[in-house]
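These are the structures in question, set out in turn.
You will see chain A twice below: alongside chain B first, and alongside chain C after that.
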Partner chain A sequence: MSWSVFDTWVVVIAALCGCACALVGNYLVLRRLSMMGDAISHAVLPGLAAAFLLTHSRASLPMFIGAAVVGVLTALLTEWIRRFGKVDEGASMGVVFTALFALGLIMIVRGADAVDLDADCVLYGALELAVLDTTTLFGMTIPQPVLTLGTVLLINAAFVVLFFKELRISAFDPELATTLGINAGVMHYLLMTLVAITAVASFEVIGNILVVAMMIVPGATAYLLTERLRSMVLVSLGVAIASAVLGHLAAITVPGWFGFPDTITAGAMAAMAGLIFLVVLLVAPRQGVLSQMAHRLMLSLRIVREDLLGNLYRQEEQAAAAGAYPPHVDAPRWMVRLAVSRLAAEGLIQRTNGHVALTDRGRVAASELLRSHRLWETFLADQMSVRPDHTHRTAERLEHVTDREMRLRLGQDTQAPRLDPQGKAIPPEHPPAT
Partner chain B sequence: MSTAPPLAFPAAHPATGDEHSPAAPLSIHDMTVAYHRKPVLWDVDLDIPAGKLVGIVGPNGAGKSTLIKAVLDLVPKASGRVLIYGKPYRRQRHLVGYVPQRESVDWDFPVSALDVVAMGCYGQIGWLKPVTRRWRDKSLEALDRVGMADFAHRQINQLSGGQQQRVFLARALVQDAQIYFMDEPFAGVDAATEKTIVQTLQDLRARDKTVLVVHHDLQTVPEYFDYVILLNMRVVAHGPTAEVFTNENLQKTYGGRLTLLDEAAEALRRGPGVS
Partner chain C sequence: MKRLCTILIAVVVLSSGIAWAQGSTTVDATAAPDSAFWRVLTLRDYNTRVVVLGVTMLGIAAGTIGGFMLLRKRALLGDALAHATLPGIAIAFMVMVAAGGTGKWLPGLLMGAVISGLAGVGMILLIQGLTRLKEDTALGIVLSMFFGLGVALMGIVQRMSAGSAAGLETFIYGKTAAMLASDAKLIACTAVVVSVICLLLFKELRLLSFDPAFARAQGWPTLGLDLLMMAMVTGVTVVGLQAVGLILIIALLIIPAAAARFWTHRLRTMLLLSAVLGGVSGWIGASISALVPRMPAGAIIVLVAAAGFVVSMFAGPARGVLARWIRLQQLNRLVARQHLLRAAYELIETGHAPTGPSGRPRIRIADLMAMRSWSRWSLMRLIHRLDRQELITLLPGEVIELTDAGMIEARRVVRDHRLWELYLITHAEVAPSHVDRGADMIEHVLGNEMVAKLERLLEQERQEQIPQTPHVIR
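The block that comes next holds the complex of A and B.
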């Protein structure tokens, strides 16, 4: 792998593009409008073509104006068709953007055939070629897209910072926003305008399919990781930059491992963003797949533990000798074994010659569980009119979530009985452990 | 189709367009609301006196939420006029507080309870200005009043349904409004939250605020509200609870039989020429 100025510019352009997209994309994700990003990025095509056909140049300003007009038109048409056609938003979006996209393609193929606005570029852009298209700024020669994308990024950043609270309330509670005089509709169309402008600026760099990835994936990734809007926006920028850097590195190294020439950075960048999302989805601390699995596992382990304790206590009650190893608990064997060794390590049970028995401390813990269980049975039978032979299963679940304070209230509500509905003794409350 | 035809049904109140009191916190003149072509509220015409807790009661689909939303310009009116303290709503926004239904927002949104309450201040803060310490303190105080100060920095999806409703209530309090509209604040809340809401409503009344509440539990109406609007696509009756909340009126509101008006509405929806 060899790194040159060229590579640096590719990464800079990709990162500028990613950040500009991610900034507006956060609000699409939050408002469940992700497909609107897709729709607008496709639908701006006739706007671009019209601007091109009218001005016979690829000058930026007319193109941005054309895109902004068609972008807002897409949002308006979608809303009208949804309202008057009585179809859902997805269907009405599908009608609008495919029709506009097709119109744009026809305009390009028919009217602009001789020029370099071609259908390939529409699909995945030409990031590498874009670097070669240079311009001069303050005496420095820089690629043209750095200027355009930089400008769009600044506009988006200014929008997100200045209208931070207006965007937040319009996304969270548009009705309240409107009653407070912050017109959620105006904010919506402002956002759609910026989505359209961003789509156009990113268009020649990553094409209008991959632009959707850069709008949605950083925001969706940040959404999994954060609890505040401000941090969500910042994290989404980080994801966009990481996708750009890692994407370009992947594009110039990975194909080489398999004997292929370098691939295009735009595609690798979108793929990298997807990969980052996947990793976060697995390992995110709160909503991640792995952490939720771990959480469920810990919960079932605790329940097995407590059922073991409870059943040992019941065996003692029935005056059976120290039970056969281990008392029956409805759980996989490995979980029971794990629970037994944890309980033994904590000194709640004792293992001798393959038999397990409660220690004094274990007996206290178990009697608390049994007290919860039998108080719940009493409560359910007396106050909820559940048939006494139907109370066990419910009490079995409730006992695991009952702490001392709840048990004290339960005792008061049931007037602290000595026996449960089946006539079994309810163990007394122990003083809190110090 | 714009306004409701003057079909004959017994008017529960004699008020006409020009007998409204200019000082009333809310007066609605001949308001009709339609979705597509189907009318959902007919000829609502009423004045609400100041300093009252007003229950809006009626069966599902009676147009209770629609009444509030039409007053607040959130759904278009087919006809009619709404005055807040004698002036059009648009000029009186700052006097109006709103608590939407809890289900109307996404509780997984990345904001804290405090952030949500501060949203009630956005109208007072004004465009483009940030939420400064002063507003956060005010929001914290409101959270404290509904017993939620300890939860200020929790993300809202970590709150129970009742706690979420209290956050909404705190958000209404920071609005410093004169008249409040609350859409089913009692729906699906725990006993402690219900108590907090009732207490808050009474505090508001003691400060001469007017509160209109969409309410479902008929049993608690006489206890919570001193004024009721019985609604079933039209105002069946409205006035002081003791006078209006009678079995006969409830029968009229909840009675299963299609009224002449419903039949006319249905005919309109099917379109002319079809019978």
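The block that comes next holds the complex of A and C.
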């Protein structure tokens, strides 16, 4: 791998582009308008073509104006068709953007003599070529896109910072925003304008589908990691920069492992952003798949432990000798084994030649559980008019979520009975362990 | 049995179309004018015939399955799916080159596309199921991530030394004008398979589209049906992709179905219309592109379909804008008429209408004006209209009389109004001074059955009797 100034500029441009997209993209994700990013990035094509045909130049300003106009038009048309035609939002978006894209394609093909723009550039972008198009700023020679994208990034950042509160309220609760005197409609179309402008600025560099990647994936990743909008915006910027750096690295190294030369950075960048998303999807602390699985596992383990204790207590009650190992609990065998060894390690049960028995501490814990269970049965039968032989299953679930305080209240509400509806003794309340 | 017959007919029609497309290219010498326009329109040229028929078949297939997708609220899934096929195509190409082939074997490429498309759909469902991210975000993530991966892989493919990658980009842009007979045949087969499955499982798919929860409760294998639907969409998308390109296939899946929805409330008719609209757009679009130089077929087909959508949106009789507007106007007119008649009746009842020389009570327009907050202009317009309908007679001196028909109608309206007021007072426990507004809104929509029920409920003894007003008439 050889790194040059060229590579540095590629990464800088990609990062600028990613950050600009991610800033507006956060709000698209929050407002469930992700596909609007896709729609607008396709639909601006006729705006670009019109700008070219009218001015016969590739100057940036007409392009941005054309794109902004068509971008807002896309949002407006989608909304009109949804409202007046009563068409599902996705479908109305699909109708609008495919039609506009087709119109743009025809304009480009028909005006091909006048227009120096091909559809390839719009679809794929040309990050590598963009670096070669240089300009001079303060005596420094820098690639043109750095200037363009830097400006767009600044505009987006200014928008997000200045209207942070307004954007937040209208993103989470448009009705509240309206009652507070914030015009949610104006915020919506301002956002759409910025989406269009950002899409156009990023086109040349990464192509229109990958614009969607940079708009949505960082925002979605951040959404999985945090609950706060402020940190979501910051995290999304981090993800955008990371995918730019890793994307370019992947583009120049990964194909080499299979004996190929390098590949297109923009594509690798989107794929890398997707990979980051998948990793976060797995390991995110609260939303992640793994943490949710672990959480569920811990919960079932706790229930198995408590059921074990309860059943041991019931066996003692029936004056049987220490029961068969282990007392029946409806759970996978490995989980029961794990529960038994955890209980033994904590000194709640003791194992003697193949039998398990409650220790004194274990007996206290189990009696509290049984007390909860039988108080619930009493409560359900007395106060909820559940038939006594139907109370067991419900009580079986409730016993695991009943803490001491709740049990005390339950005891008061049921007038502290000594027998449950089945005539079994309710163990007394133990003083809290110190 | 009926179902079987329909299927047979569909198969026969579609396959005869294929047979004809493949038929000899001999030009009938007795044919009419030999202008380019005529030649295209009658499908005289072999190339045009293949393209037009292929695209028409694709329109039919996409329109049919698109209808179900629209109702399932998954219109944009086709978008994500189409983009998600790209990495599969590139990987299939690389694998086939590695295996020693040229990498351009079509079934292999299509297989790759199907696999990665289905993987994309699976991932969308997974992201939605596992996280709090919503459907739109899941679609966007999968769409862009897969496409990005595809672009990166295509970049590798294009720089590969072995095998020529030329032609792979047709999967993105399509090559409508250069469609081969084999492509058209493949599309036609897909169209036949999709139509047959949709006909065979019409009832099941209908239930799934309208009420998946109920379908599940009824014990239908909704997951299997959903997967079948996805598989059909994937099939149509993949086959259409290499023939007409990404954007066109997305458009054909969405636009005809959305347009057909404006015309009917019946699913059967809607699917038929959607298929026809898709087919016709394909046919007209392909013909235009054959006639006009430098006119990309895919784009023009989308525009034709979009034009069909715009027309449908305004003119569609079931949900079209115009039809809904007309229905609203009719309702408004009915309401205005009933308001006027009731106001007139109440004026007569309270003795504000002296009897004229004709023996009928005469109502002054000035009194009517005070009954309701209507502008003089709209009231006069209303009076003129009712005069034409012979419910009232407009007399000189700014007075009106109710005709016999007008009197009957007025009594009915007042009766409905007061029955509802009584109902509100006795059964809904609304204060008598507050019932007027509520009854004012409901009186126009009380049907005969409803009135009969109210009568039973309020134990009105005589049918003709008009109850006394429970509040002061303003």
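Keep this in mind: the second predicted complex is superposed on the first by the 430 of 434 C-alpha atoms of A that agree within 3 Å, B and C clash if a C-alpha of one lies under 4 Å from a C-alpha of the other, contacts with A are read in each partner's own complex, and residues count from 1 in each chain.
In this text, a residue touches a chain if its C-beta (ideal position, glycine included) is under 8 Å from a C-beta of that chain, and two chains touch if they have at least 3 such contacts.
All figures in this text were calculated on a predicted structure; none of them were measured in a lab.
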### Query
Clash or fit: how do chain B and chain C relate after the overlay on chain A?
clash
### Task
Have a look at where A:D173 lands relative to chain B and chain C in the superposition and call it first, second, both or neither.
first
### Task
Could you say whether A:Y223 touches chain B, chain C, both of them, or neither, answering first, second, both or neither?
both
### Message
Taking the superposition on A as described, I'd like to know which of chain B and chain C A:F163 touches: first, second, both or neither.
### Response
first
### Query
A:L370 contacts which: chain B (first), chain C (second), both, neither?
neither
### chain A residues touched by each partner, larger count belonging to chain B or chain C
C
### Message
Taking the superposition on A as described, I'd like to know which of chain B and chain C A:L73 touches: first, second, both or neither.
### Response
neither
### Task
Scan A:G267 for contacts with chain B and chain C and give back first, second, both or neither.
second
#### Entry: Superposed model, chain C segment overlapping chain B, candidates 26-34, 62-70, 314-322 or 440-448
440-448
### Message
Quick check on the output: what are the common chain A residues between the chain B footprint and the chain C footprint?
### Response
32, 86, 223
### Query
Tell me, which parts of chain B touch chain A in their complex?
36, 69, 72-74, 93, 96, 98, 100, 104-106, 109-112, 115-116, 119-120, 122-123, 125, 127-128, 130-131, 155, 171, 175
### Task
Under the touch definition given earlier, write down the residues of chain C that touch chain A in their complex.
70, 73-76, 78-79, 83, 127, 130-134, 136-137, 139-141, 143-156, 159-160, 172-173, 247-248, 250-251, 253-255, 257-258, 261-262, 294-296, 298-303, 306, 309, 313, 319-321
### Summary
Seen from chain A, its contact residues with chain C in the complex are 29, 32-35, 37-38, 42, 81, 84-88, 90-95, 98-99, 101-103, 105-106, 109-110, 112, 119, 123-124, 207, 209-210, 212-213, 215-217, 219-220, 223-224, 250-251, 255, 258, 260-264, 266-271, 273-274, 277, 281, 287, 289, 292
### Task
Spell out the part of chain A that touches chain B in their complex, as residue ranges.
30, 32, 86, 162-166, 168-169, 171-173, 175-182, 223, 226-229, 231-232
